[in-house]
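Alright, structures below, take your time with them.
Two complexes come next, and they have one chain in common, chain A, joined by chain B in the first and chain C in the second.
Entry: the complex of A and B
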């Protein structure tokens, strides 16, 4: 009598169908082996929102009686495998459905597995993934964050590559043969079956020690009791804010301490404070009021509040003054302006190098020209053919 | 049983991994509905998505009308049903309330519209989660009402709903309630029966001389005064009373044709020798049944009674199942503020049903799972423990317990 639970952590809109395909694949393949299961999205999530972190689950049990224990729930208490289909989610997730930042491995069981699609190496990912305090395993499906779940884009085989890797990291759940059978039935595509098999053959699993991982404490929030809440469905507005860093000059809007949104971000703006003309456009157009106005009239993107939409970079009239770059390369939300004040030359050198390297390296909600995804899909297909490189 | 001819042999149908909403949409295709109207609101809107797909795939041919509001949505099926169309409609939460004028008269006009209520909390505050007050708003109006708890039951019950609603002895609309999220949005393996068997179970809708048609000139819904209305209400009452036998008949036929063993009105789970029984509707049955199994393993005589049908209220079944218990706890995923026990709707109905049972069984009321809050194992055990206290004291506890509400933090 064993129940298996798998979660897929994904980005709203872009990867919803991808996650659904993965979880349906698991349940249908398990059914081939006489097990029954259920697949469902976390209802409280709001996956219609661009890029917002959301979850999909597959739960598989030996019989109906056992499955009932897992039904009528929003999510399992723990999972055998956490699948993360966008590696920036390894920094932790905050969706509409829960409060505070949830580590990517929060539900992963002791001895369970975290399966990530990423072009990063395991050690780099572990700088983001919070320390678990118990041993588990990490496996990587090499490739970019897939958009194959977005119906207008082409299939890049990420769904079946994940299923193949899953047969490797969790063999007790479903056999590779059952996955192959179901993949053929659903998609009638030999190439997809081959992709899954290749992924199965090449997936390597790295044990993670209890002490490994990001040691920062994820922000959290204690919900008040019913007599402590305001009556009549009201909430108090956020106050107006004050000077930059609490000083006299500049302006810093007050923000919610308990809802930060930055885990929605897959790209972040980096600002050249030297070429900035103080035109105010980024500050005016930012839909989340995430720019803090410095005493000298510049605009510092507050990275706890920024969800990475890229409007600032689009409206900035100065070349390479605000540039969107890959969030995966960063490990914290510290202020760029503070760094610039401390070490102008060092900051500008880093900025110039980063812009040169990463300009045009786009992810999730970062398509900035027509045909960009077509270029990426070719790379993704090549990755699938070549198999893993780690 | 005599040997079956080849024609009567069971047709296997097919298994599909589908959500509760998809199961309802599949039932629409099997029942070959004529008119469906839609207006989006979560969680019901998933049904219209799946229906659109079935129509696009050619699996269902019907008029699919997306109305400009729920009010029109329910008006259109009402009229379509009057001219003899088999209809399907649905909504959730405040969408259902916005259509309430049309919903109320549909029952009075004796039009067998079948509706899905994807149960949702009534906004404000904006909330998607499951509460049952949306469906319960029509409990007094002449709608047949039931609650389903699995995808399979959703499909089965929809087929039964058309059969009962369209029976000339009944001609009443039927609202099928499915808990938002837990049922509408979770995919399970569902057996979809063969259309040929469904045709054997579900005859075409025939409104007879009540059908609005040029060849049958009639006036529907005239203006009346005090000389007429009470008799009309009595007719609706008589139809609701007759529906009980029609429901029993439908389940007998359903079991015979599809080779199943469904009970019509209630599901009794380990109630036979139970001293303490919890009562509820919908998907909360799943965690409560798990709790029953675990408490039974510890030697506690506990059970669960799930009401499948709420209108007509299964009075004999409820009395029979609960009369031997030492105490009964009723779980409401709804509220009735200011009601006699300041509790929920279901508890007051069950308490009323047990009034004449000798000796009278103590009844406790729980309000739980509001806004779609999960009913966990600790909550289920807490409800059993409180009901066990009532069993020991032998007295009803009328204070109504809110289970899982967040008390003050330090």
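Entry: the complex of A and C
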């Protein structure tokens, strides 16, 4: 009697089809091996929001009774494999329901596995992944996070590459042969079967020691019980904001204490305070009111509140004044303006270097124009032929 | 009519108030234009405002799980009742002040609804609210062109041919949604002579929207604003282009920005330039090709969509507002 549970932690909407394909693939392949299973999205994540972390589960059991027993729980309390389809989620996951920030490996079993799609090396990822305090295994499917929207799916084979890697890290769940059979049945595409097999052959598993990982404490809050809630479930509003850093000039809004949204970010804006013309547009057009207005009329993206949508970079009229860069390279949310005030030259040097380095590696955040995914997949395939990626 | 707050027009982005009364910590999508509408709406209205919200994204994403980004008082109301909630709240405040239970002061009442709550099921209540000149309230309809909160079901406001959960394009039939209704504000303007102000807006033109909210609240009585909100989730595009898509909708002439104050119609921004012939409309394909919800369109579909936009500008009696033309030549019989 063995029940296997797998979770896919993904970016809401952007990776919904991807995670559904993965969990569906697991369950259908389990059927081939005479097992029974089910795949489902976590109720608390619905309705999903673009970018906000969400979860999909696949539970596989030997028989009906065992499966029903597992499903009687709201969601699995621990999983054999956590699949993380965007490496920026390794910093922690604040889903939009009432959880605070959870480590990516919160549900991973002792001895279980964390499977991440990433272009980073394991050691770099372990700077982000919180310390688990028990041994588990880490495997990487090399490649960028695959994002697309609700209607048009970017079929870049990430789904089947994950399945191939899963056969490697969790052989007891489903065999590689069963995955190959199911992939062929669903997609009728030999190339996808080959992608899965290649991923199976190439995936390496790295043991993680109990003491390894990020030691910072994820943000949390105390949930009031129902007896502590106010009459008629009224909620105390957010206090009115005040001057920048509580001073006289500028403005800094007060913000929600229990929902911060920064774990939604896969790219962050970096601001050149020197070339800024104080046009106000980044601040005015930010749907999340994330900019603090400084006394000298500049705009400091508050990285506890910024969800990385990129509207500021799009509306900014000055070239390279607001640039979106890969969130994976950062380990904190500290203020860029404070740094700029402390050390102008140092900040600007860093900024220029970072902008130059990262312009080429902009992450794709979904649909831009008809035919775009085809172009991107063709470009990735060409790079793969040239041996840049697996 | 009781007095209203006199909110002066904002001249240019540099004069927009710094204070936020709808702040960070809402559970909306990245690049949510409707959240931006909320932020701008209350930035324009100021702290002495009561906001009511009917069910939809801006209710669920903002006030679930015992937390909120609102600084001003906010209350939920049912999906179809933004109009009646607005009237009720305004009447309640008036009664409390009259009885001396509250200090006499002008308090803005704003009730918002999505296109599902406003253009579909709440239309009758909004219509009723616009017949009450004795109460000051604004109904703001944020239109993201679907029931977006519950994962993009088709609404009366969804555009022709769009892919939604209820209208997925298939092999046998490509266009699953072939209805077209996009004129809620004009529809309301024509039948409610007691409403002094009805307008359309878009958060991509932030100052214009701020001023329209201010104008509505300053004039008082029952007023209505319809905002056009690009939705990265339902329209399927990269969230960073929300602002750009709003501008494209106006520049292609699909979304027409105007206001009717005391029976006088004025176009605003690029819509005015198009109306007076100083600016050409961009081809609609510029707008369509940027969204996954139209990715199944053929040349024929694009041409049909373009013809519908051309029609509102070239064939309507009042372009973009009213399709009715005047004929005084005589009885048809």
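Simple rule for what comes next: the second predicted complex is superposed on the first by the 351 of 390 C-alpha atoms of A that agree within 3 Å, B and C clash if a C-alpha of one lies under 4 Å from a C-alpha of the other, contacts with A are read in each partner's own complex, and residues count from 1 in each chain.
The criterion applied here is as follows: a residue touches a chain if its C-beta (ideal position, glycine included) is under 8 Å from a C-beta of that chain, and two chains touch if they have at least 3 such contacts.
This is a predicted model, so every value here is computed, not measured.
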First (chain B), second (chain C), both or neither touched by A:256: second
Chain B versus chain C as contact partner of A:307, first or second or both or neither: second
Chain B versus chain C as contact partner of A:279, first or second or both or neither: second
Contacts of A:224 with chain B and chain C, given as first, second, both or neither: both
Contacts of A:177 with chain B and chain C, given as first, second, both or neither: neither
First (chain B), second (chain C), both or neither touched by A:47: second
Chain B or chain C, by number of chain A residues touched: C
First (chain B), second (chain C), both or neither touched by A:289: second
Chain A residues contacted in one complex by chain B, in the other by chain C: 223-224, 233
Chain A residues within the chain B interface of the complex: 24, 27-28, 31, 36-41, 43-44, 65, 68-69, 71-74, 222-228, 233
Of chain B, residues touching chain A in the complex: 15, 17, 19, 43, 124-125, 128-129, 179-182, 185-189, 283-284, 286-287, 289-290, 293, 372, 374-375, 405-409
Touch list for chain C against partner chain A, complex: 13-14, 16, 18-33, 35-36, 39-40, 47, 60-61, 63, 65-74, 149-152, 163, 203-204, 206, 232-234, 236-244, 289-293, 295
Touch list for chain A against partner chain C, complex: 12-13, 46-52, 96-98, 148-152, 223-224, 229, 233, 235, 237-241, 250-251, 253-261, 264, 279-281, 284-290, 293, 302, 305, 307-311, 313-315, 324, 364-370
